[in-house]
Every structure is written in structure tokens, then in C-alpha cells.
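Shared between the two complexes below is chain A, which has chain B as its partner in the first and chain C in the second.
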Partner chain A sequence: MKQANRRENLLNLLYILPMLAVFAAFIIYPITEVFNLSVYDRTSTGQYFYVGLNNFIKFIRHRETSRLLLNTGIWVFVGTFFKLLFGLGMALVLYQAFPGKKVMTGIILIPYAMPAAVSCMIWRLMYNPVFGHIGDILTRLGLISEPLNFLGNTKTSLLAVMIVNVWAVAPFCALNILSTLYSIPTYIYEAAKIDGAGSIQSFFKITLPLIASSMRTLGLLVGIWAFNSFDVIFMMTQGGPANSSSILVSNIYQNAFQFNNRPYSAAVSVVCFVILSIFALLYVRSKEGDVSYE
Partner chain B sequence: MNKPSAIKTVKRIFFGLLVLLILFIMLFPIVAMISVSLKQANDVFTVPVTWIPKHTAWENYPAVFGKMKMTTGFLNSILITAASIGGIMLLGIPAAFALSKLRFVMKKPVYYMVLVSQMFAPVIVIIPLYNLMNRMGLIDNRLSLVIMNITFNLAFIVLMLKATFDSVPKETVEAAKIDGCNSFMTLVWIFVPISRTGIAVAVIYAFTRSWNEFLFAFTFMSSTEKKTIIVSLYEVLKNNPAVGIPWHLVMAGAVCATVPLVVLFILIRNYITGNATAGAVK
Partner chain C sequence: MKKAIALALSLLLAVALAACSAPSDPTPPASPAASTPSSGSEAAPSGDSAPAEGTTITYVTLGDTGMNQLQKAAEEFEAETGIKVKLESWAYSDAYQKIITLCEAGTPPDAMYGFSGWTQQFKNLGYTVPLDDLISQELKDDFSKAALDVCTVDGQLWVLPSYMSIRSILYNKNLLDAAGITELPTTWQEFLEVAPKLVGGGKYAYSMVAGHPKNTLDCFLPILWAYDGDVASADGKTNGFNNENGVAALQVYCDLAKYAVPDYGEADINFTQNNFTTQTAAAYIHNAQGLAALADAGEDYSWAVIGAPLKGAGGSQYSLGIMDVDLVFKTGNEEAAGKWLEFWHTKDRMGDVIEQAGWVPNQKSFFERPAFTDPANVMVAPFAELEPLAKFKPTISSWEEVQKVMADYITKAVMGEMTPAEAFAEAGPMVDELLQK
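Let's turn to the complex of A and B:
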């Protein structure tokens, strides 16, 4: 009997073997290759030679590094904060009963369902300083007197790209938070109402504490996505002007395919890998700690 | 009017305004897209911006496929997406079934690997992947994009399907076993038919993510006739200065590339936050 069990255990492995093979070939093996490449450098003739941790020292000393780290931090933390804030706001609105609620749920799905490339195209047009829609609205409202170049200005480029990202991801957060809100049994609110709690009080004393843990998990996931979101930044500004909207992952791509500096790019990848591993660990732990109220 | 009902009215008006504000923020880029897609070429650059086109240029939509030559882009996207979905489901359904209902060695480490693997962005391993594809002779070959779509969507889809299979009672497997089904027959004859809604939702997610894929489609493909629709549209933006871009045609193309996704998402809207994604995103 025991032997039959072991045989079954091994046979069942066949179900996951194809998936594991794909992971091994196209995720695990490339990761080891990146670590390997990061300790080499290349001569102008294409000869690779071992340099130890030189690329990492170069990364630490590079004059753009502090800016990249700062941009990544702003992009991840500020972006995630606003995605959760607007997501929570929209979820609280959608939690109420009102006519047209179903239509509204459908509408807020559109930015989320849209290809990132398409939303980047629309926003690039809308941000245009001459014939863009955003400049037009702000001028009509009398908020600006002369056209602003949102994407072409080193002070506003990161913010401008972040707005696009928040716009696209906040609906996802809203739907996610909404499903958590629905999982809170309504009798808790009824009991609080009988005890004389107002709606603001019951929000801060009941709703917020109860959704906090799943908000934390969601925040970690959205933060990890933001850390990884190369395409939005690349398509909007290519990290420019003057690296003002560049984050770590867009720097990896530029070093690899535009500046042709692959060993250095691999070193930045390793740095990203380490940072992501920490986040991944936090995510797994947070997911395990998630409470349900049923 | 007495006081409490006055407060109620004010609250209701305030709530209505809030709903309108949210709708405005979510919708105005989409309205802008549709508005530009129906403009004539010179109408795009007029200042101040005309929100409603002076002349509705329906001819922009046929022009996407005629003058813009986007037909091959669409066909490539359809081909690559279909093959990717097939691959993802072929590998994903058995894996999700095993993770949900079967015992096998190293189950827990495998589960954590699936969970964690979706957190690492493909851009981190882009150089080794490029070299690997190069050695396999797959650069500028659509098969490379299919392989990449399978690799980087598999974990997400497996977690989604696992959540679906989890909701089928464990006794089903045992009952099937008594009736003489081995585990593979149980999967094919019982679990797949029972979970067809969950599988359909997973297919739509796989569709969206493969259709939207940009990094590899942009990096691995060099000949124009092999590019996906997303990359073909982006290249129009990349290769022209802002005033030289035929924005009206690009936006018409963008609408065409978006409509299928929005329709599919509205079809599955009830499942986006339901059980189906619970395992994958929460």
C-alpha cells in the first residue's frame, strides 16, 4: 500500500512536469545567466573577461544611480498609495446602491482592460503641449495661461507617467477592494448602527480595520507590478528627458539594447532581483496572514 | 422640508457629483480617443481642441486596414494569441488540477515557486532570453513570442484555475475513483466540464495578457510583416515627430485593438472579483 502511494506521488508529478520544464528553461536558467553575466565585462572586440563585483561598484558610483533609486521609490510608493486611495474611494462608491451602478462598474473596467500601449498612445496625444486635450481643459478652466509640456519637462515627466499608471491600475484595486467589502457581513454594520455609530465612525472603526490586511496584500502586489512596469515608462517617455522618468527596470532595458552595455545591465538586473525577492517574501507572508470573515 | 430630509438631499447630490467625477476621470481619455479617431487629418491639430469632430470621418476605420496596412498586425496578434492560449491551457490545466487535488512529491515548494515566479518581471531576464532565442534561431520568429507568453502567464493562470478547481469538492475525485476513473480521466471527464466557466475566465485573461504583450514583441521581432498590432501602432508613434503622426488613424487603430478586450472583460465582469481570481490576485 505504501509503495502504491509513493508510485502515485511520482506519477502525479507528470501533471506539473511540463510547467516545471518551461519555468526551468525560460525563468530559472535565465536568472542564473544574469547572475553569471553580471560579473563579466566586454571589450570593444566582444571578448568577455571576469571583473568580479566591478559592475556593482560602477552601479553604486554611477552619477545617475541615486536618481534612478529615488525615481523608483517615488514611482512605487507614491503610485501605489494613490492607486489604493482612489481604488478605495471608488470601491466605497460602488458599494452603495444607486441607479446605473452596473453600467459604472462596466465603465471603470475599460481603463483596466485596455492594452497598456493603447492607453500610452492616448495619453501621449492628450499631454501634447500644442494640441493636447489636457492643456486644453486646464486653459479653459483658467488654471494655466501658456501650454505646458508635461512629458518633455524634467520636473513633471515622472508625475505625468505616474498619472497614466494610476488611471489604469486604480480600477483593478477598486474591484478588488469591493469584493473584500462584500465579504464583510452586514450584520456587523447593523449592530454598530444600533449602538449609535455614525457612517464615518463605522468606516474608521469597522470597515478600515477589517479590510486592512487584504489592502496590505493588494498594496504589495500593485507595488511589485509598479516596480516591474517597464512598458508604460518606455512607451511614454523612454525614461527621458535626461533620465528624469527613468526607473531601475527601464534602465536595464536601455543599457541592454540602446547603450549596448549588457554586463552592466545584468548587474542592475541582479539588484532588481534582490529587491523583488524581498517584496516577494513579504507578499507570500502577507498572503498567508490574510483573514477572512465568513 | 424638515431638516433630516434636507441633509439627505444634500448627501444625495454630493454622491451624484462624486459618481459623475469618477466617470469623467475614467472616461475622458476614452472619449478623446474616439473623438480623435473620427477626425479628419487637419482637424487633429486645431487649437483650441475640438472635442466633437467637425466632420465625422468614418473613413479612418477602413483606412487602418488599407492605408495603414495594419491587417497583418492584427492577423499576427490573433495567431500569436491563439497559440499562446492553447499552450497555456495545455500546460496550465493539468498543473492546476495536480496542485488542487492530487498529492505529489515537493508539492509545497512547487506551489510557492508558482506564486513567486509571477513577481519577477521579464525585463530582468531579457538579455539571457534574447541570447537563448538567438541560439534557438527564434529571433524574428513568431514562435518565440508564443513561448514567452506561455512562460510569463502560466503562473497567473495556474493560480486562477487552482482556485476554480479548489471549489469542486474533494469527494468528487474519490467518487470517480470508485467508479473506476483514474486521475487523468477524472480531470478530462469531470473537472474540465464542471469548471468550464472558470476556464473561460482564465482563457479571457490569457487572451488579454498575450494580446497586450509589448516587451518581447518589440524586442524580438524585426521584420514589419511579423509584428503584432500593438507594436505596429507604437512604431508609428516612435518613427515620427509629434506633428507628423497621423493621430486620427493611430487612434482608429487603437480603438480596433481595444474593442475585443473591453467586450470580453464586460462579459466576465462578474468573475473578475469572484472566486476565479481570488487565488490569483488576493
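Let's turn to the complex of A and C:
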């Protein structure tokens, strides 16, 4: 019996071996190479030499590191919070029956369906301090006295870019939350109504607990994507002005491809790898403790 | 059956992966300097022998520059030598990262159009080859001294001067007249004194860049030089801007921002050009490209005046010289690439591109083209006259990083996050470290 089990296990292992091999070649090997590269540096003549943890020390001591970490934190956590908040708001609206619901659903999806390059171009035009209409509206409303360069100001650039990212990703969150909302059996609401629960009570006692698990998972995924993505940042500000909208990933790109400083870039990548591993762990654990009224 | 298929697949993959795997050398991949380069093209054997007929070389241009003329020249070159030139066009914005990646992978093109700022770094990293033995003395003698100086490192010609532009201050005469300014300013201080008169009604005195990692210095360097500051000291070991002169220049730049189109934080050089050609800004620093664009569109540009570079406190004045270059990479096809560049750098081929683009010729023979000596051609003549005042960006190995650090701190000062003195006091040591790397 034991031998049969072992044979079975071995056979199962054989089935997944091709996938494991691909995983080793395309995931494990490159990651190992990045770890390896992170403990090297190179001279201006291209000769590599071992430096131990120097690149990490350099990263910790670098003047811009605190700013990068803060920006990354804001970009990931604040951004994800608003993506979920607006997504939830949109999903709750779309959950209701009203005339033109299908059209509204289509309109809400446009920002998500639009290529990032197009939305960045549109937002850059809207933000433009000379002819952009956001500044124009704010000036007319008396909220600002002179044209404000949202993307070109060190104090507003990250916020301006984050708004675009939230605008683009919130519809995706809305769709996900909406599908979870549809999965809640209506009889639970009916029973609550008979028991005298109002709509606010129903939302906090039924809806929110039942969608919490899915929102947690969604939040982690959206957070991981945000951590890894800098397309909007790159297209709108290139991390500037003066690194005011730079995040860790854009710093990796900049060092690797604009400064040809690959070992340092690899060290920052390792830092990101560790942070993302924590996210991944949280994602796996997020499936535990789900609420069910079934 | 299933078992057999799984086993076969696993074995196949294992063999394939083993075949593809890298040698077990723990060190990171070496640069082409340390490894044997292999060309992406059909490489001819390296050595002293002449390039064989049937050889194919790859030449990269940027942003389609001169593509029509290049195609024609490539056909003529193949007919004459039997060497085929495969042309590629890359975007300007991606060029650096693309060429670095290809060089690291050992598969660069044979030759390409790039920037003088790359010269030192590519030489050090062993990507490129010196050109002294690859081009004729006749072609070498044809280049202007300024052009050759920029391309020469340690007494060797490492890149070939290609397109040169001379940038000076351009004014909008209509806006100056409307503001009652009859005489052009001669110093930056004078310009700052009249600047307030040029602001109002959606119009601004100046257009500049403060934020863009590359173009910020394009706008700032003429001011820094006018105030006798520089990026690096004469020996190239320390910065040349963290001093009284540099701080004074940065103060001027910060003051200019008060009267500039407020898009400078997100602007690149094209924004400034656009601000000038749409008559939003009364002045900016550039070459004739903006005017050439207006001319192409059939629009009137007679209101544009090309001024002499403004002087600093000590009376120094410099125009900004931008030198684009041709590079030859270590691919084994160096001789064929050199031959091709020699063929391309003639007045009827490259000269034609320069004439159309409104750049300043840097080869004496190009002036045989009538357009370059026609005094009525405002695209070239006034800028060519400024060549003696031209100063070019320094050739520094870590140039990309140096200009980013400087741009960041110039921006912080312009945005009011730091005083000019504080900004350069922080940027100075960072640049020193890069220069001494």
C-alpha cells in the first residue's frame, strides 16, 4: 500500500515536472541572477567586482530612498484604498436597478478599457497649466489664483498621477465587487428586512461582511499591481520633477536602463522582492476566515 | 499511455533546458569589452582584411532622421561596394536604453547615430572602437575643429561628428514691440529687468525646462557657462557649479521661472519650442528647428529674431552646441561600418539632411551647398555665425546620472524647495562622487 502511494506521488510529480522546469528556467533562474548581481558592482570600464551588501547599504543611505519608500507607500496603500472605495461606490450604484444601467456600466468601464497611453495623453492635456481645463475650472471657481502645474510641481505630481491611476483601475474593482454582490443570495436581505433592518444596517451587517473576503483579495492584487506598475508614472512625469513622483519600481528601471547601473538596480529589485513576498504571503492568508451565512 | 507521454515530455524539457542553460560561471555577464562580441548582422571576420563583398551591416538612425537619404545612399553604397546596409530607426527616447541593452547582450548594431554624451562611457565600457584607422584623413580634415574636439578622447577619434545644432536665444519681435522693448537685452540681468513687461494676457517672457532629466541642462547650461560655472572642473574630477558662479547662475534660472510659461516642471524641449512658435513665450533658447517647422507649415515666422547669447555677470557668453555623432561598435564589421560612414558623410548625402533640418554644417565641404552660404537663409547663417561661441556638453562617463542629479537639484531650487546655494551644496558632492567613480 505504502509503495503504491509512493509510486503515485512520484507519478504525480512527473506530471508537474514540465511546469516545474519552466518555472525554474523562467522564474527561479532569473531571480537567482538578480540576487547574484545585487552583490556586485562594476567599474566604469565594465569590470564586475564583488561588493557584498554595499549596494544595499548605498540604497539605505541614499538621499532619495526615504522619498522613494514614502512615494511607494502612498502610491500603493492610498491608491489602493481609493480604488476600492470608488470601486465599491460604483458597484453599489450599478447593483441597483435603474433605467440606462447597461449604458452606465459601459461608460464606467471606459477608463479601464482605454489604453494607458491614451488616458495619460488625455490627462496630461487636462492638467496642462496653459490650456488644460482642470486649472481653468479651478481658477474660475476661485480655488486657485494662478495656473497650477499639477504634473510639473514637486508637491502635486504624485497626487496628480495617482488620480489617473485610481481613475483607470477603480472600474475594474467595481466589476469585481459587483460580481460578488450578485453572488449574495437575496433571501438574506429579505430576512433582514423582515427583522426590521434598514438599508444602512443591511450594508454594514450583510453586504460588507460578505464581500469583505473578496475585497481583501482584490485589494491585495490591486496593491501588488500598483507596486509593480509604473506605466502611468513613466508616461506622465517619468518620476519627476526631481523624483517627486518616483516609486521603487521606476527607480529600478531608471538605474538599470537610463544609468546602466544594473548591480544597484538589482539590489533595489531584491528589496522589492522581499516586500512583494510579504504581499504574496498576505494574499495566500487572505482566503482564511471568510464569512458565510449559508 | 499517459505515463509515457509525461515521461517523454519531462525528458524533452530537461534536455532542452540543459542545452539552453548558461555555463555555471557565478559572475554576472561580462560586457562586450570582456567577452567576444557577436554581431546581430551577418558578420564578416574581424581583422585587417578589407570587408568582404556580401557583408551586411546594420546602421541605426533615430526618429527617422534622414531616412530617405539614407535609403538612397545605402542602395548606392551596395552597388559600389557590395556591402549591404540594413537600416533601422529607433525612437530618440528609447535609444540609450536600447543600445545599452544590446551592447550588454553582445549584439549591438554595427554603427548608429547617437549623442556625444555617450562617447566616454561607451569607450570605457568597450562598446565602441576608435575611428582613426577606419576613416580617411581627407574626411577627418573636412570636419570643423569644434566638432573634432568634441569627438576626440585621449587623442583618439572615438565617434564621428554628424548633426550639429547651435542654440542661442530667440525672441518674438512682436511681443517685444508690444511691451515697448526696442533694444534686445545683452545680459541675463537685463533680460530679467524687462521680463515683467512681457508677462500678461496669457503671454510670458520666457519658456524653459525645470524637471526633465535631460532637457533641464539644455536650458540651464548657457546660463551656467555665462556665469563662468561649469558641470565639471577642468580636470574633470570635481564639480564646477557648487561655487559662487554656479549659485548666481541658478539664481538667474529661478528668477526666470517667475516670468516663464508655467509648464516648465513637466516640459521637455519640445514644449518650449511649442510655446515659442505659438507666440506664448517671448523668448527661449533653441536652434532653428522651430522656425523650420513654421516654414514647413507655410506659416509666417518673420517675427522671430535670433539673438546673440546673453552674457553673465563677468561678460562671458556661450551658445549651446549640441553634437550628435556616429558610433561604430565592436561587432567584427568595423571596417565595413567605417566605409559606410565615409560614404554617408558627404555634402550630397548627409549635407542634404542637414540642409532640410535646419542644422549647422560641421564639415567644410558642406558649405559648397548654396543654402548654407545664402545670407537670406535665416535657418543656418545666424546660427553658423555663433559656432565660435559654442560650448558643448562635457564628455563624462556617468553623464546620464550627472545630468539627472543636476536637473533634480536645479528643479528643487526653481520650485522653491531649496535655495540655489543649498541645492548646489547638496548636488555638488553627489556629482563629485559620480565623476570620481
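As a convention for this text, the second predicted complex is superposed on the first by the 256 of 294 C-alpha atoms of A that agree within 3 Å, B and C clash if a C-alpha of one lies under 4 Å from a C-alpha of the other, contacts with A are read in each partner's own complex, and residues count from 1 in each chain.
Just so it is clear, a residue touches a chain if its C-beta (ideal position, glycine included) is under 8 Å from a C-beta of that chain, and two chains touch if they have at least 3 such contacts.
Fair warning: this is a prediction, and the values are worked out from it, not measured in the lab.
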Task: Partner, of chain C and chain B, that touches more residues belonging to chain A - done: B
Open item on the list: Tell me the contact category for A:Tyr40 with respect to chain B and chain C: first, second, both or neither.
Closed with: second
TODO: Identify the partner contact of A:Val169: answer first if only chain B is touched, second if only chain C is, both if each is, neither if none is.
DONE: neither
TODO: Have a look at where A:Trp123 lands relative to chain B and chain C in the superposition and call it first, second, both or neither.
DONE: first
- [ ] Considering only the touch criterion stated at the top, classify A:Val93 as touching first (chain B), second (chain C), both, or neither.
- [x] first
TODO: Determine, under the contact definition given at the top, whether A:Met114 touches first (chain B), second (chain C), both, or neither.
DONE: first
- [ ] Answer with first, second, both or neither: which of chain B and chain C does A:Tyr15 touch in the superposed model?
- [x] both
TODO: Name the contact category of A:Ala242: first (chain B only), second (chain C only), both, or neither.
DONE: second
- [ ] Classify the contacts of A:Phe259 with the two partner chains as first (chain B alone), second (chain C alone), both, or neither.
- [x] second
TODO: For A:Arg140, decide between first (touching chain B), second (touching chain C), both and neither.
DONE: first
Open item on the list: Shared contact residues on chain A, chain B side and chain C side combined as an intersection?
Closed with: 15, 18, 22, 25, 29, 33, 37, 124, 128, 130, 257, 262
- [ ] Would you tell me which residues of chain A are touching chain C in their complex?
- [x] 11, 14-15, 17-18, 21-22, 24-25, 29, 33, 36-37, 40, 42, 44-48, 63, 124, 127-130, 146-149, 151-155, 157, 237-238, 240-243, 254, 257-263
Task: Contact footprint of chain A on chain C as seen in their complex - done: 3, 6-7, 9-10, 13-14, 17, 20-21, 26-28, 30-31, 33-34, 96-97, 100-101, 104, 121, 124-126, 202, 210-213, 261-267, 275, 280, 397-398, 400-401, 404, 407-409, 411-412, 415, 417, 426, 430, 437
TODO: Note which residues of chain B are touching chain A in the complex, please.
DONE: 15, 18-19, 22-23, 25-30, 32-33, 36, 44-49, 51, 90-92, 94-95, 97-99, 102-105, 110, 112-117, 119-121, 123-132, 147-148, 150-151, 154, 158, 183, 208, 211-212, 214-215, 219, 230-231, 233-234, 237, 242-243, 247, 250-251, 254, 257-258, 261-262, 264-266, 269, 272-274, 278, 281-282
Task: Touch list for chain A against partner chain B, complex - done: 8-10, 12-13, 15-16, 18-20, 22-23, 25-27, 29-31, 33-34, 37, 89-90, 93, 96, 98, 100, 104-126, 128, 130-133, 136, 139-140, 167, 171, 175-176, 178-180, 214, 217-218, 221, 224, 227-231, 235, 249, 252-253, 256-257, 262, 265-266, 269, 272-273, 276, 279-280, 283-284, 287, 290
